[in-house]
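These notes concern the structure reproduced below.
The first chain written gets the first letter, and so on, giving A, B and C; residue counts start at 1 in each chain.
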Amino acid sequence: MKGRHGLIAACAIIYFFLMLPLLVVFPISLSSAPYMQFPPPGFSWQWYERYLDDPQWIDATWRSLYVGVATAVLALALGVPLAFSLVRGKFFGRGILDRIAMAPVIVPTIIVSVAVYGLFAKLKLIGMWYGLVVAHTVLALPFVVLVMVAGLRDFDRGLEQAAEGLGASRLRTLMRVTLPLLRPSLVSAGLLAFITSFDEVVVALFLSGANMTLPKKMFDNILMEIDPTIAAVSVMQIVLVTIVLVLIGRFGRGLSATAR
Amino acid sequence: MSSTSKGFLPAIPALVLLGVFFLYPVIRMLGFSIETGNLDWYAKALGEGLYLQVFWNTFQIAVFVTFFCLLLGYPLGFLIATTTPFWATMGFIFVLLPLWTSVLVRTYAWMVLLGRNGVFNRMLIDAGIVADPLPLLHNLTGVLIGMVHVLLPYMVLPVYGAVKRLDPSIVAAAQGLGASSWRIFWRIYLPLTLNGIFAGSVIVFVLSLGFYITPALLGGGRVMMIAVLIEQQVRETLNWQFAAALSAVLLGFTLAVYALAQRAMRPEAAR
Amino acid sequence: MAPSAELRLESVFRRFGEVRALDGVSLAVESGELLTILGPSGSGKTTLLKVVAGFEKPDGGRVLVDGQDITSLPPAKRDIGMVFQNYALFPHLTVRQNVAFPLEMRNVARPEIDKRVGETLALVELAGYDERLPRQLSGGQQQRVALARAIVFNPRLLLLDEPFGALDRKLRETMQLEVRRLQRRLALTTIFITHDQEEALVLSDRIAVMNKGTIQQIATTTEIYERPASGFVADFVGESNIFYGTAGADGVVTLAGGRTLNVARKVPAGKNVGVLVRPERFSNTAINAFEGEVIEAVYLGSSFKIRLKTADDFAVIVRLPARGKLPAVGGRVSVGIEPDEIHVFDV
């Protein structure tokens, strides 16, 4: 088909557009120039060294990592039972609950950020890592629910009946049969929650105060000075996301389902 | 346990979190806008030309972004849905990789690419195509490029889904009846994937309305969108009441678009 | 091994909205017996099984095992082994882990678990497959695992829910015999659910035929086949010619169109009755003769299957021993039937 070649050519250009910003940071991060220059005049590790030597960057990175992990844990702890309710419950107002669970992706993040900022300022929670975890969990919850609901819909409940018939209590059925079989969905949901927090800027902008997360530190740096240290940080971020995507692909469920 | 509450218990912890840290703060904040007992702040938001202009800008940008995302996203979704499994996986990876890369990384990269001394201008000047650097950054062009890049995957996925759902035998039948590739596209694919186009467009449009990072960084203060205005009102002028009124208008418009879209989708889905 | 339990159902009701899935079902299964519940889909047989297993709560009535009322006991506490239609093997557990599952749930000690799993896998001839995952097994092997898992904990009862449906014919026959052999050997009280009457006749001690939420007849296989209690049972089990008519004096039944049949059973005169003639019971006797044109004739190896149409418009299916030449379509054939080969039932 002739049209097919045209389509492939067009898509190649669109893919180039999609990947270009990801690719351009690699050479810049390895540049020997003292400021942003392209193409780089020579090779050097200096921007990576500067990142690693700066306690502010390292501090921000650690904070983002543990806030991300805590968010993933909390979002799973709350989102998995919620998904069970939504799929298997029969109660009045289930449709409303479904909408509330999805609302954080519909309400513009700036509104959520400003609103939570107002509340946290009053509660003196600005700059507290756990405050950020709670706010990030609100944002991550819809993704966890989406992935888990999809997983539960496909789950064969006959296996749970079989387990109960063989003498397993409800709890043991859950621990030995249901959750192990849902593991791919759990992996995807957890990693998505982690990435949602790890990449999140707007809420962190308002809530992190002086205790910056990595995205907040990056935002400030981009605003102040375009220094190739950002490129080095970006490269590491891209590598991390690639690892997470590979993990989802390897141990998780449905690459395409997770992105919606 | 009564039959009207079966299985509600596990939802309670999440519901409490959403109630206390999402619904309550949002409603509380929106309440600031009518603290004065009148609608003056709304009158200001929707009456003064300066602010009306920001709303209009935001709307226009959202329309542009949606249009360009559709233009670029449809071929991509179409290709991924109609290619072999291997290439579909590859195609997905290179859509998802940018999607899950930090918005900041991408925004920074566009600054590197589009700046006065950026990669594009360097190449254009070195090649002798232009004498002076083109203004690509800190203006509408930069914001549009950045936003389209961020939102493109949200268009690709619904289009992919719609094309994938299409019964291949319909296409085979059309081919068997002698229709050319273009005819098949216009007469079969396009009408039967309108659902996906519509869903993707709504998502991209609504997300555009609330965008903050990209206009804040790539707009360089010269492209004012509603989210940026809200942030300024809270952080710089500390005018919570006005920020609340602006938020209420933005939220109201966003929800209205969703509601209309859902209504429009329903007969579509029943077809 | 403790003797297997006896099961009793006392007028069990279960309704789903307007549908009466179980409409007052009572039955008793003796210790060590294999009872088949036979019925078309929607007859309520699956609901009956679920009530026994504890997955469905009856709206009324009682379920008793060895005299103990288990109606409100959760499935996990019932000690009933079950083989599901699609086997319901745990896909993330190996064969060994699947079979060990019910023992682990009963907190049996590890060495004892290993011993019993090994024995049971040997019993279903799956020794050596311990570490395979279910998806690495054939359909027949999966079924054996499901069976092993259902009997490894010495359940009081074994329930089999159409377990052979997914197997091809040959494997199906092998498995049927194997299940029967195993059930006899363990003397395990068993309820077997199927819609396949042939399977029911092969496997069962007794058969309960169900229709529309009620038990139509519960009897031994021969009785069900030879002396069905109703037209439904007669029609559902085996091939049959069923006629309706009125009993006259001295063992004569008058059918539509005035044809009369001499029967052995004495029925009060004037009563409306049904008459069943099994196709293979026809012979070349002159008594109760049916003479007519051959509509269809099929060679089935050991027998001929012939469809006749008589002058007074009776359509009759006849099976004759395959001796000589297959009667030609359009030709005329005459068969008859001895009075004691005719079964009369009440309507």
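Quick notes
Keep in mind that, in the parts below, a residue touches a chain if its C-beta (ideal position, glycine included) is under 8 Å from a C-beta of that chain, and two chains touch if they have at least 3 such contacts.
What you are looking at is a predicted structure, and each value in this text was computed from that prediction instead of being measured.
The greater number of contacting C-beta pairs, out of the two interfaces A-B and A-C, is seen for A-B.
A comparison of C-alpha centroids places A closest to the centre of the full protein. Centroids built from CA atoms put subunit C at 61 Å from subunit B. Chain centres here are Cα averages; for subunit A and subunit B they lie 18 Å apart.
If each chain is reduced to the centroid of its CA atoms, subunit A and subunit C end up 56 Å from each other.
None of the residues of subunit B touches two or more other chains. Residues 1-4, 7-8, 10-11, 14-15, 17-22, 24-25, 28, 36-38, 77-79, 81-82, 84-86, 88-92, 97, 100-101, 103-104, 106-112, 114-119, 134-135, 137-138, 141, 195, 199, 201-202, 206, 215, 218-219, 222-223, 226, 230-231, 233-234, 237-238, 241-242, 244-245, 249, 255-256, 259-260 of subunit A are the ones that touch subunit B when the two sit in their complex.
Against subunit C, the residues of subunit A that register as touching in their complex are 156, 158-159, 161-169, 172, 176-177, 180-181. Here subunit C touches subunit A in the complex through residues 53-55, 74-82, 84, 86, 88, 90-92, 101-102, 105-106, 149-150, 153, going by the rule given at the top. Remark: subunit B residues 3-11, 13-15, 17-18, 21-26, 28-30, 32, 72, 75-76, 78-79, 89, 92-113, 115, 117-119, 122, 149, 152-153, 157-158, 160-161, 181-182, 185, 206, 209-210, 212-213, 217, 227, 230-231, 234-235, 240, 243, 247, 250-251, 254-255, 258 touch subunit A in the complex.
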